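If you scroll down you'll find the structure; I have some questions about it.
To keep things simple, chains are lettered A, B and C as they appear, and every chain counts its residues starting from 1.
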Amino acid sequence: MDAPANRTVQSVGQGREGELLEVAMGPQHPSTHGVFRMDVVLDGETVVKLKPVFGYLHRNHEKIAENTSYLGSMPYTDRLDYFCSLSNNWAYALSVEKLAGLQVPERAEYIRLITAELTRVLNHTCLVGFLLQDMGALGTPLMYAFREREKILDLIESLTGARMMCNYMRFGGCRCDLPAGWLDEAKKVVAEYPRFLDEFDKLLSGNEILMARTQGVGKLSAELAISAGITGPMLRASGVDYDLRKVDNYGIYSRYPFRVPLGDHGDVYDRYMIRMLEMRESLKLLEPALNDIPDGPVVDPKAKLRGFRPKPGEAYGRIESPKGELGFHLISDGSPNPYRYRVRPPSLINLTILEDMCLGQTIADAVITLGSVDIVLGEVDR
Amino acid sequence: MLGTGILKGMAVTAKNFVGSYHDSEHPLTTSEYPEQRIAPKENARQFPFLVHDTEDAMKGLRCVACQICEKECPPQCIYIVKSKDKRADYKGQMQLYPVTFDIDLSVCMSCQICVEVCPFEAIKMDTEFELSNTDRFGGLLVNKHQLAKPNEHYRKIHPTEAAVSDASLAVEVAKAQAKAKADVEAKAKAAAEAKAKAEAAAAAGPIGTAPTAPAPKPTAPAAASAAPPAA
Amino acid sequence: MPLETIEQILARAEAAVPGAQLTIVKNDSPCAQHSLAVDVEHAYAVAQFLRDDPQLRLDYCSNVTGVDYLDAELSEKVKVKKLVDGVEKEVEEVKKTQRAGYLEAVYHLYSMALKHGPVILRQRTPGRADPVRVTSLTPLWRSAEFQEREVFDLYGVLFDGHPDLRRILMWDGFKDYPMRKDYVEPDDYEYEPTPHDEVLARAKAHQAAREVGA
């Protein structure tokens, strides 16, 4: 093998024997959650340098969007973070609504909250499964997580017609109304979900191996997290109380009480626990929302499907997606296509401090640190 | 005690393992495809098809080749060539029809935007998902003969949606018929009035006022032209 | 805590950073997120003021992005007083101005401490020809690191003071800047023979070229 990435480099001084090993982890590596590469320099097993390399899944989403109509970009947003297409839809719809000044009917707001929170539960369920897979708990936790995820995917499929590429929200509402009996199904899933969380907690949260592997690993201080623009569960695990559902009060989140779980060590264990707790809070939000949902139209009658041309101007809209702040910056010049369409990808920006978190740790810890960031390459590379 | 957490976890896996055989609360979540098949969800969408109303698929296509879906399709996978001549659609109105209507299956991303923007209820989503093909190029380019499916098929796979679609089409047809009828009646009435006026004018003619006399002439062709749509 | 108006921020920033040329960029959309355009020389000082000022404390730089404006002819309706038939009247006239193209780096700033925002900061380059330089704000906000790299990668804007300005999404040997409005995609990759005439013709041309080459 003469793979250039796997060569050894000259040993550096510091009066010690041994040499540094430069390893390209990825783009084809099971622990990198897709086509992501980390160029790691190792001293023995200790990471002394780590450079993330992106772009293997780059398709210039933004350029594509600037060449299609506003509506035409909606299905492409599904493909950013393909676990949470409904949150992506919402973020995009919210930005366009800000840009064009559209109102969302009451029922649509409820549907949006319900689907977004279901998506959050779904994303966190997958994440804890993948994280434990990264730690070497092969199979079992991930399969349990996927078993539960399937129930939510069934709900999403019967509502939107697709399991993952939902393409459901529209500017000023949602594409279609809930099918008959959907609410009862959803209530059933929501009522049963805490049982899975209890089971998962019993299975793992008290597990000594898990604690030994994760506590004190991949620490991130609150100051660095804020400066590096970390958002979502990553930020809150470091103890910063910043949840856009509370800060921006978008949608109808202000109507229901829910707590924002905060960590205080900012390590991998905290990030794991934050996700477990956030799922419980989401379920608490879902219960009353599923009961209170009013009748009515699901889309603003003023919103045009075809020939949609917002007036010139710009808008930045953001929501708390399961991975962090997902924002869309749109500039309109009055034509049917956006003049500028920018996605603020939480996954990419949360990787800014990957090197800081991994330095001085072993390579196996770097893997779970990356796992706890929760990235999806569709969004990182766009 | 160190290790309790691990033992507790083991108990959970044991419970799940045994439960998957005996416990109704922990059923197996997988099914043996392709022997076992789960019926697709009513809203499921995979690939578009063209709806036709009559026995002869090509004559009964609802599509009028307006090319809206071609323009709106985000990945640009639809290709339409308009016809030169026109033919009567389901309302009896003369419309164009597609000479070519191809969808590239390898490009289509099942987003359903073509269905949403279609004003003629002509393109709908199918729930068929076994679309693999051995011919990479020709086999994945689906033409209008392969795309055409009867309305009964639509009613079968999406009953709720189809009911709404059928109702709206029925309203359109009723409106068109009412309009045609009203047109005929209005024209007949106008003709009758004109005739009455002409007769009155003819009767009054000998006494004097000439200007009213030419009036019946323009209405006569109008009455004549009103006849074909009624037929 | 409500945020000050953009005019107040501008006045205080001008007072705090002598010599800074700040202008307000109006936003006509219903969300009315107006922004501050700052000259490249004073961008760092103004940004530092925005971050450290106790009333603003914009400690969180959410979004950094580039925008490309080509040379354009702008038409604007202006009311002009004119003599029409001997009477002075107000008449609407279309005034045409030439706008030289420029590139822009846009920063969306929020405060996590005071939970307000956004304040939008824009740095504009004088023209579009290389090299186009603006000041990097990565030393102030780490979150700008990858995003400024992305703007450099896709728009070719150079950020002075950036610690590690390399391509991020495109590969290192790539020459052009794909998000620029005048980017022409190279005719060097294969097309699948889709039914579209134009694409089919190009695919055939490529196939022929490859056969000749082989």
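Heads up, the rule we're going with is that a residue touches a chain if its C-beta (ideal position, glycine included) is under 8 Å from a C-beta of that chain, and two chains touch if they have at least 3 such contacts.
All figures in this text were calculated on a predicted structure; none of them were measured in a lab.
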item	value
Identifier of the chain whose CA centre is least distant from the whole-structure CA centre	A
From subunit C, the most remote chain by mean C-alpha position	B
Chain pair with the greatest number of C-beta contact pairs	A-C
Where subunit B and subunit C are represented by their mean Cα positions, the distance between them in whole Å	43
Whole-Å gap separating subunit A and subunit B, where each centre is the average of the chain's CA atoms	37
Between subunit A and subunit C, centroid-to-centroid distance (C-alpha), Å	26
Multi-chain contact residues (two or more partners), subunit B	none
For the subunit B and subunit A complex, residues of the former touching the latter	2-6, 8-9, 11-13, 16, 29, 41-45, 68, 72-74, 109-113, 116-117, 125, 160
Subunit C to subunit A touching residues, read off their complex	27-31, 33, 59-63, 65, 67, 106, 108, 112, 115, 118, 120, 141-147, 154, 167-171, 178-179
Residues of subunit A touching subunit B in the complex	68-69, 71-76, 140, 144, 147, 150, 154, 157-162, 165, 167, 175-176, 179-180, 199, 202-211, 305-306
Residue ranges of subunit A in contact with subunit C within the complex	54-55, 58, 60, 62-63, 98-101, 224, 226-230, 240, 242, 247, 310-318, 325, 327, 329, 331-332, 339-340, 342, 344, 348-349, 351-353, 381-382
